[in-house]
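For reference, chains read A, B and C in written order, and residue numbers begin at 1 within each chain.
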Amino acid sequence: MSISLGEIAARYGCELRGDPDCCVSHVATLSGAGPESLSFLANKAYRQQLETTGAAAVILSAEHVEACPTAALVSQNPYAVYARIAAELHPPFALVPGVDAMASVGEGCTIADSCQVAAGAVIEDGVVLGDRVSIGPNSVVGRGVHIGDDTQLMANVTVYHGVRIGSRCLLHSGVVIGADGFGIAQDESGWTKVPQLGGVDIADDVEIGANTTIDRGAIDDTIICAGVKLDNHIQVAHNVTIGAHTAIAALVGISGSTTIGGGCMIGGASLIAGHISICDHVMLAAGTGVAGSIDKPGAYGGYPANADEIGRWRKNVVRFSQLDEMARRLRKLEKRLEKMSD
Amino acid sequence: MSISLGEIAARYGCELRGDPDCCVSHVATLSGAGPESLSFLANKAYRQQLETTGAAAVILSAEHVEACPTAALVSQNPYAVYARIAAELHPPFALVPGVDAMASVGEGCTIADSCQVAAGAVIEDGVVLGDRVSIGPNSVVGRGVHIGDDTQLMANVTVYHGVRIGSRCLLHSGVVIGADGFGIAQDESGWTKVPQLGGVDIADDVEIGANTTIDRGAIDDTIICAGVKLDNHIQVAHNVTIGAHTAIAALVGISGSTTIGGGCMIGGASLIAGHISICDHVMLAAGTGVAGSIDKPGAYGGYPANADEIGRWRKNVVRFSQLDEMARRLRKLEKRLEKMSD
Amino acid sequence: MSISLGEIAARYGCELRGDPDCCVSHVATLSGAGPESLSFLANKAYRQQLETTGAAAVILSAEHVEACPTAALVSQNPYAVYARIAAELHPPFALVPGVDAMASVGEGCTIADSCQVAAGAVIEDGVVLGDRVSIGPNSVVGRGVHIGDDTQLMANVTVYHGVRIGSRCLLHSGVVIGADGFGIAQDESGWTKVPQLGGVDIADDVEIGANTTIDRGAIDDTIICAGVKLDNHIQVAHNVTIGAHTAIAALVGISGSTTIGGGCMIGGASLIAGHISICDHVMLAAGTGVAGSIDKPGAYGGYPANADEIGRWRKNVVRFSQLDEMARRLRKLEKRLEKMSD
């Protein structure tokens, strides 16, 4: 597969500096690019690699165009344009419709002819799969699950009974959707299990990273809105709601019954308490602890303690590294004052 | 299924305020309840929803009974009573005894007729399953594993060779029991693997959340006592012992050879060092770091640093958010003193 | 199986204090050892158990030999010697070559006769397995994957298409290698997926703990060098490089495009930012946050904040627990000074 720069410019709304007939066949990093490579510059940290790149063309923003030694495709959002062209140059494996002889399909299922169900997959009773759904090897889809068109479960995914998943979703290996929330009630004998009777409702265009877990609700559902992107090893507890287009990095824990707004960006390993709410357009630095609700959009950081306005938190972090020195200076002042008052 | 309030009151030892012949068919949240719903109030945060609930009846403690606009089932432990009634109104799927044709069973296994072994499950040689054990789709049970009566492995669970699991346990998807502990010995060439020769011994009534891992012991066993409840994504290293009825929230890491007492409650994402011991009835706030042993029951929090008495820790956390301001005040004092001594 | 102490001493270069004809048949802890047990002392915390051990012999360093009540095998590295003898006394299950009838093997695969492919394993098209490779039950090996001699995938492992794994590696259950990196580009509609087109390249003698994930690169590969040892629940993001013989404890997160040197030891639950580099021979305390590059070998700790020299960090941690008291002392000084200047 090969595309001319002229066609790329026209199709993706870029301004082209260079030969429109020049063709590219694949994407590459600036430093690894060759004469048929298309590269991009989206992170200034890689700016110096631009000057020596061997790429046929580079997608970049206007500010870097003068430094580009080769053809340039100028865009206001080089990373998003790169993403779309890369998907076109490197299409994913095509679906091979059909149910593998080594898959197990229960009774009363509705599986479109265009679906692919791989070897070892287990589809329990009453499952409904939309068009072109792909169920990877050894994945398990529980009773009565509904999955929308073009959604893909990779290998070894588990979806518990009754879960609903929208269209164009992508669930990576090791993902577990709909396991019981951690509901236990203390009594004289220790703990009684609180039945987890709700479901999980995942809207369209959601991506879920490897080994992430989303628990089913206790009574009502756990809700993941459209366009949410979750990285690996995330824990979403029962009755959490995550608003549309929120992106969450790896190893984050969200406790039960918490609501996160739309358009948020949550840094890796952040820890969010239960029964609180975070409004739309909140950005959390990696490792933030959120102990109480946040109702003002903005960037927050902070750990230990509740999330703090990010500038203030950064200052306090610097002070933490001076804490021992501060304590010594404090002691010195105390001694001087004691002497003075003698 | 439907139960009268009179029957509930008698069976679960509640005091009924309302019509004993009124029947409920399902549980619901206070805000989502309708005329056949049974609801409950166990967390004061939801108190205001009580006043407008449409439930047929609400389980609650005596202090809230006056505010209840509908029938009330008064109990000293509303949450535990709710849990038991919910389990009765919403029974889990019934077991379908038998070994699926697409399951694989090794030689020398003892599998009670009342067991269910689902499609894709792999039972290796010499496994012993008690009565009514359920092995979910694509779960793997290693050689010589013993599992007690009424224990359930959901889909995609892995149990390594030789592990022993008690009765009435519930293991969620992605759980891995008995993988090698992280035992490596440094030598001239890098690292030599230390064989992990112990097992894992899990007692009765243990629940283990999705994607949690419990490693096998190096020589002796890793031990999980009766009634322990583990949430998702927990790491239990080799030779850890967890005492009876301890509950641990998600994302906690427990390092090797550490002993945790009984009746403890460990908050999410806490990190517990190796080769230490925590006594019975210790409560850790979410995100606590425990670097040394704790030998006095009580509530602890603290990160960074060793766990601290929780009140003191909370004060220090507040001070952390004032740290930059404190540093400035300190500098100002120093300057004034310098001036004064000039 | 049984070995004489004389043979052990000769084979592993130990100095023997005791009867060379005395035989041991298994390993045991100091406290659990009996008359045929071989034990070891490698951690001073267990020194007092030495004095009452019932072991036939103990592997230890010269400093403890006088306190040993039984035969002693003296070595400069007792733990590594123990590891090798334990492996000899307790050999792992032998491979049973062959492809199980309930495994699925795609087209164009090269699988050596000496390999074992267990029930429920799914090998996709074009996979190449070296000699004596073992693929555990319900593991999935994606298209075109290459795996070197003597590598073992335990049960329920997932390896995505195109990944390369070296010889003598061991991948535990729940491991996911080659899932998409978390690459998303913001645009007007929310997020566009950035295709993850690189692979994962794992060298020889790598061990990977249960439920650890290593994402494929965005364009170039994610690289794990020879002899790396990874514990459970670790997240390795796209385009990370981990240098030879680095050992990483559980629950660590390494963000994208970061390079970690060789011979490092990373404590559990550490969090390492993206696009940075850590040089060879760096040791991080458990729970360290690394926000910027480290270019000097040594021990570091610190959280919150960037990693700090470990001695300084420990002092600051102690001060953190005195923070509230420091704040009160500061206020007192301010008041005294105010009074003095009145």
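Note that in this section a contact is a pair of C-beta atoms (placed from the backbone, for glycine too) under 8 Å apart; a residue touches a chain by one contact, two chains touch by 3 or more.
Just so you know, these numbers come straight off a predicted model, no measurement behind them.
Colleague: For chain A and chain B, which third chains touch each of them?
Modeller: C
Colleague: Could you check if the interface between copies chain B and chain C is built from the same residues on both sides, meaning over half shared, or from different ones?
Modeller: At the contact between chain B and chain C, which are copies of one sequence, the residues are largely different (under half shared).
Colleague: Once you find the CA centre of chain B and the CA centre of chain C, what distance in Å lies between them?
Modeller: Using C-alpha averages as centres, the distance is 26 Å.
Colleague: At least two partner chains per residue is the criterion; list those residues in chain C.
Modeller: Those would be 102, 120, 138, 156, 174, 211, 233, 251, 302-304, 318, 320, 322-323, 326, 330, 333, 337, 340.
Colleague: Chain A touches which residues of chain C in the complex?
Modeller: 102, 104, 120, 122, 124, 138, 140, 142-143, 156, 158, 160-161, 174, 176, 179-180, 182-187, 189-195, 197, 211, 213, 215, 219-220, 233, 235, 237, 251, 253, 255, 271, 273, 275, 289, 302-306, 308, 312-313, 315-316, 318-320, 322-323, 326, 329-330, 333, 336-337, 340
Colleague: Give every residue of chain A touching chain C within the complex, in rising order.
Modeller: 27-29, 32, 42-43, 45, 77, 79-80, 82-84, 86-87, 90, 92-93, 100, 102, 118-120, 136-138, 154-156, 170, 172-174, 205, 207, 209-211, 227, 229, 231-233, 244-245, 247, 249-251, 268-269, 286-287, 302-304, 317-318, 320-324, 326-327, 330, 333-334, 337, 340-341
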